[in-house]
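Two complexes, one shared chain (subunit A), two partners (subunit B, subunit C).
The block that comes next holds the complex of A and B.
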């Protein structure tokens, strides 16, 4: 899709009658900014490796109400027990497939938000601007002080259409002091050609804790971009884990800002790619205050001609003394044709900090393979065991048991199809 | 049990073994001694089937079957075991899981019923006791964070679990303090019987004080230049290897 093709689609957005008028100025402003900024090109440093060819060639349409008819979608396949689920089908909230969660405000078509002022203004990133301009549904979670939501809340985000659709979900989270929440973003769907561009804005007040899990298993012909922006106050904690086995092209952008003393963030991901998939992670952790702890731990397992990107940056600003920061990117190439672009970066302006970073990319350890085979395990079994050993430490980050076993089942499935 | 005839092997076009002949009968323990670079480790690697070695001449038989075309796993399942000189660390793979998978692969191959978790634990607890090993070992990833002695004990634990016909101990004494060495030697000695054979590879005679071989062979430049009884070890300690150089 070229910049000029968005104009007619944007008019459809403005003409939607179920949209509250008060959002229109925000959307128009974002759209004009998007027109000025334009789409990224290979000359943009952070976009050098992202394969945008398919996106450029495809004409996407906004998702209208008629696209929200559920005909034969298999929900049971994506069931996770012991979570409260809200279903979004081609960008539209489906009440009949959702649990009732009083804590959550759902705005389908952006009608009457009590929290209009809370919808954050986007940065100048083209896809964030695009999300704001085209946002078609919004989910807002605002906790109360000291509120602890034990049961995870899952957004089941389904893309299932024969049409080439563009969907722009917008998630806003504000955790009041001492509150806790587990949010699962679960992206699924078998559509033939889909572009999903999510923006998530989270604000974590003092001592609050957000566990954010993304499960991304869209079909091979989907493009999934995610823009996550997190602001953390004193002693708040943000734990992120992404498990991605789909889609054709994905780009995870996270920007966490550790604004208050003692804040902690732990950002983790496991990407499994095969055929010609490209799964990328572009992570910025920004330390603004003293005594904060941050961790980035991303792993890719790449089969066939697939590729991966890790662009991780940790910035320690001048006031962020006593920062403790670790950054790690490890990648396993299961094929000679797979490519990993790994670029861990540290920018340190404070002088009393503890920072480490590292990146390794390689194939399976021949010594270890021989060791396992010399104990009677077949070559396939040995490979399997090593790949599993490489990945599974990440699963221990997930504290919610049924989510953890759902993810490890998906992992085993992938292994069966791709690593033997 | 093991018959090696006129074995020539090379790695990266470099000839290492230049005609080794060796016969190990059931119940016998043979020691191969020699300096670093004499070809001792190549011999054990070629017997266990490591990829990058090329056999250019000769043959290896296990109980009258040629094994040179067998995969490493087939050799293991047929009863060959090597205690590694440098046991490999396998991050993320739990020791119990690994041992159970290995034991069950073998049981399956032999047409025996695979063990469930409880059955396996019963087998392994007994072996752990024998080697004075803490059961906590089982919960850790294979060899990760193990001391040199712990790694070697873990190798012997695997030997006792898999019950091979032919066990190759490749420099098992290196990196061991005297207490660990005694425990391992006792484990090996208890495992000896009239049907099981051993090939002990070492360049010191230290280990041979505790594990007494029936025969000792000296390997120099890819050939066995001298064979004898256990008294040969003492002679080597006294005189070194130089008197055997041609």
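The block that comes next holds the complex of A and C.
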């Protein structure tokens, strides 16, 4: 999709009648800004390694009402027990496939524009601008003070259509003081050529805690971009974990801002790639206040001709004394043709800090394999054991048991199909 | 910690010790850059046509190239038309040292390089480059016996044109980057070294650069070729006089190591870092250094101690083409006051079983900003390639910064690559431990920093280690040790 192709699609967005009119000026502004910025190219430092060829070649259309018809989609396959699910089908909110969650205020922003001001103004990143211009669902989640939600809320984002669609969900979260929430973003979809461009904005007030889990298992012909922007107040905590086995091309952009003293964030990810997939993580942790703790831990397991990107940056600003920050990126190459680009970066302007980063890339240790084989394990079993050992450490971050077992099942599946 | 603060402050106020200007008549062409200037340089140096063509080719490319802005440094835009591209001491000196301008010799003496005594004392041959033309080369005779060529670049162009033509631009092509292209167009002189097959160079080869003429950019070109089975250790060290205008230094260094050859290239850099209060007037050090391990079992090792310059922008790199070749990079960089450094290395693994080690130690004090930027690239054919990188930074004072931007690109699963980095200040418990044992805060800081840099200092040749420690004292004493 070239910049000029978006114009006609954008007119369709403006002509949509079922949405609140109040958004139109915001969307128009974002679209014009997007036209000025243009699409990123390989010359943009941050986009050097991202393979945008397919995106530029495919013409995506906005998802119309006709695409909201659910014909034969197998929901049971993606069932996670003990969560409240909100279903989005090709970008359309499906009330009949969603749970009612009385404890919490959830607002379908496009229809009820009560919370219009909560839509954060997008940054100048082209895909965030695109999300604002084309957003087809906008969900606002607000907790009450001291409210602790035990049951996770799951956004099931389904892409299933013969058409080449562009879907732009927009999620806004605000956690009041001392509240806690677990959010699961679950991306699924079969045999569809999709472009999913999500934007998530979260505001964590004092002492609040957000656990954010992304499960990304789109089909192999999908492109999934996600922009996550988190603002953290005093003593708030943000725990993020992404499990990605799909799609063809994915790019996770996280920008966390530790604005209040004592805030903590822990960002983690496991990417499993095969065939010619490219799964990338572009993470920025920005320390603005003293005594904050941040952690980045991302792992990639790469098979076939797939490639992975880790572009992590921790910025410690001048006032952020006593920062404790760790950054780690470990990658396992299982094939001769796999490529890993790892750029763990530190930018430090304060002196009383503890910051470290580490990155390793390599294949399975021959000696470890030999050790296991000498004890009677077959080559496949030995390999699987080592790969499992490499990855599963990350699952401990997930506190919700049924989600954890769902993810570890997915991992075993992938292992069975890909690791040999 | 107020004591430490005092020490920091006292060092921030310390003047540049080597700031003086020698008064020697120079043959300088007026500032400006155009084709005519390049033709003039070439003519003055009596160069063959092919070299002029090469320069012009680079110049036409340079005119079209945009100035790079990606480095993590800030400085005033350079006016390339305000620089004079050729400056040579007028009194040509030939033959024995007695004929050398006494004032020039006095300058060297101030720098602590008594040329006359060098033979006896240090066993170091010095090809001293004063501004752009070589004035005196010692030890030529001794080296000649071994068949080693160690001369100025312009001499090499005249005496060994085939060799220069073969290797010039083979590692850093004229189109490599903005500053290398500029250098290719206007370079004036530099050093040329050739070590013949199987020869182990009996002494450390050394060049002292010194920027002297006001407004004169230094565009040096160094080419070192180590033939099969040879071994050479090359030292480069610099100091510069105090100036109020920014001076650009865009040198190019090319190293070629053939089968089983070893090149060790050590740098101690202490150019004028700029006014300690305003940061004005320091040297811009935009250098392209690269070596190629052309054939199997070759080895290239870069060691650098960077304490000077207002802005440093350099990445001594190794292309590990030959199987089993080894690349090493050891660096200590200090930024104090308003200094900025964006430095690191590139290790390109092409051959099988290639190995590289990167040890980078950054010390940032005052308002200094320091960036480690490195790339480790393991190409598809580089089976069993191995890399180890370690980049540590110490921050002293709350106005400085230390940044790490490693790029790691792995295309071969049998490769093993590790990168680790830490950034911290000097721990209060470390200080307490030392103080408690009667070591003053200043000594303690010095001790801790020395220990921090030890991995790199031990790689320096004996002759240089002394100077490196001295330079560290000048740059760090007070603020660090």
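Heads up, the rule we're going with is that the second predicted complex is superposed on the first by the 412 of 420 C-alpha atoms of A that agree within 3 Å, B and C clash if a C-alpha of one lies under 4 Å from a C-alpha of the other, contacts with A are read in each partner's own complex, and residues count from 1 in each chain.
Basically, a contact is a pair of C-beta atoms (placed from the backbone, for glycine too) under 8 Å apart; a residue touches a chain by one contact, two chains touch by 3 or more.
Just so we're clear, the structure is a prediction, and the values are computed from it rather than from any experiment.
Once the two complexes are laid over each other on the shared chain, residue contacts for A:376 go to subunit B alone; subunit C is not touched. Of the two partner chains placed around the shared chain by superposition, neither subunit B nor subunit C is touched by A:35.
Looking at the shared chain after the overlay, A:393 reaches subunit B, while subunit C stays out of its contact range. When both complexes are overlaid on chain A, the residue A:70 reaches neither subunit B nor subunit C. When the two complexes are overlaid on their common chain A, residue A:362 makes contact with subunit C while staying clear of subunit B.
If you count the residues of subunit A touched by subunit B and by subunit C, you find the higher number for C. Of the two partner chains, subunit C is the only one that A:352 touches; subunit B does not reach it. Contact residues of subunit B toward subunit A in the complex are 48-51, 71-73, 75-77, 81-82, 84, 87-93, 98, 101-102, 105-106, 109, 141, 158, 162. Remark: subunit A residues 365-368, 370-379, 381-382, 385-386, 388-393 touch subunit B in the complex.
Residues 45, 318, 321, 331, 333-363 of subunit A are the ones that touch subunit C when the two sit in their complex.
The residues of subunit C lying in touch with subunit A in their complex are 70, 380, 393, 395-425.
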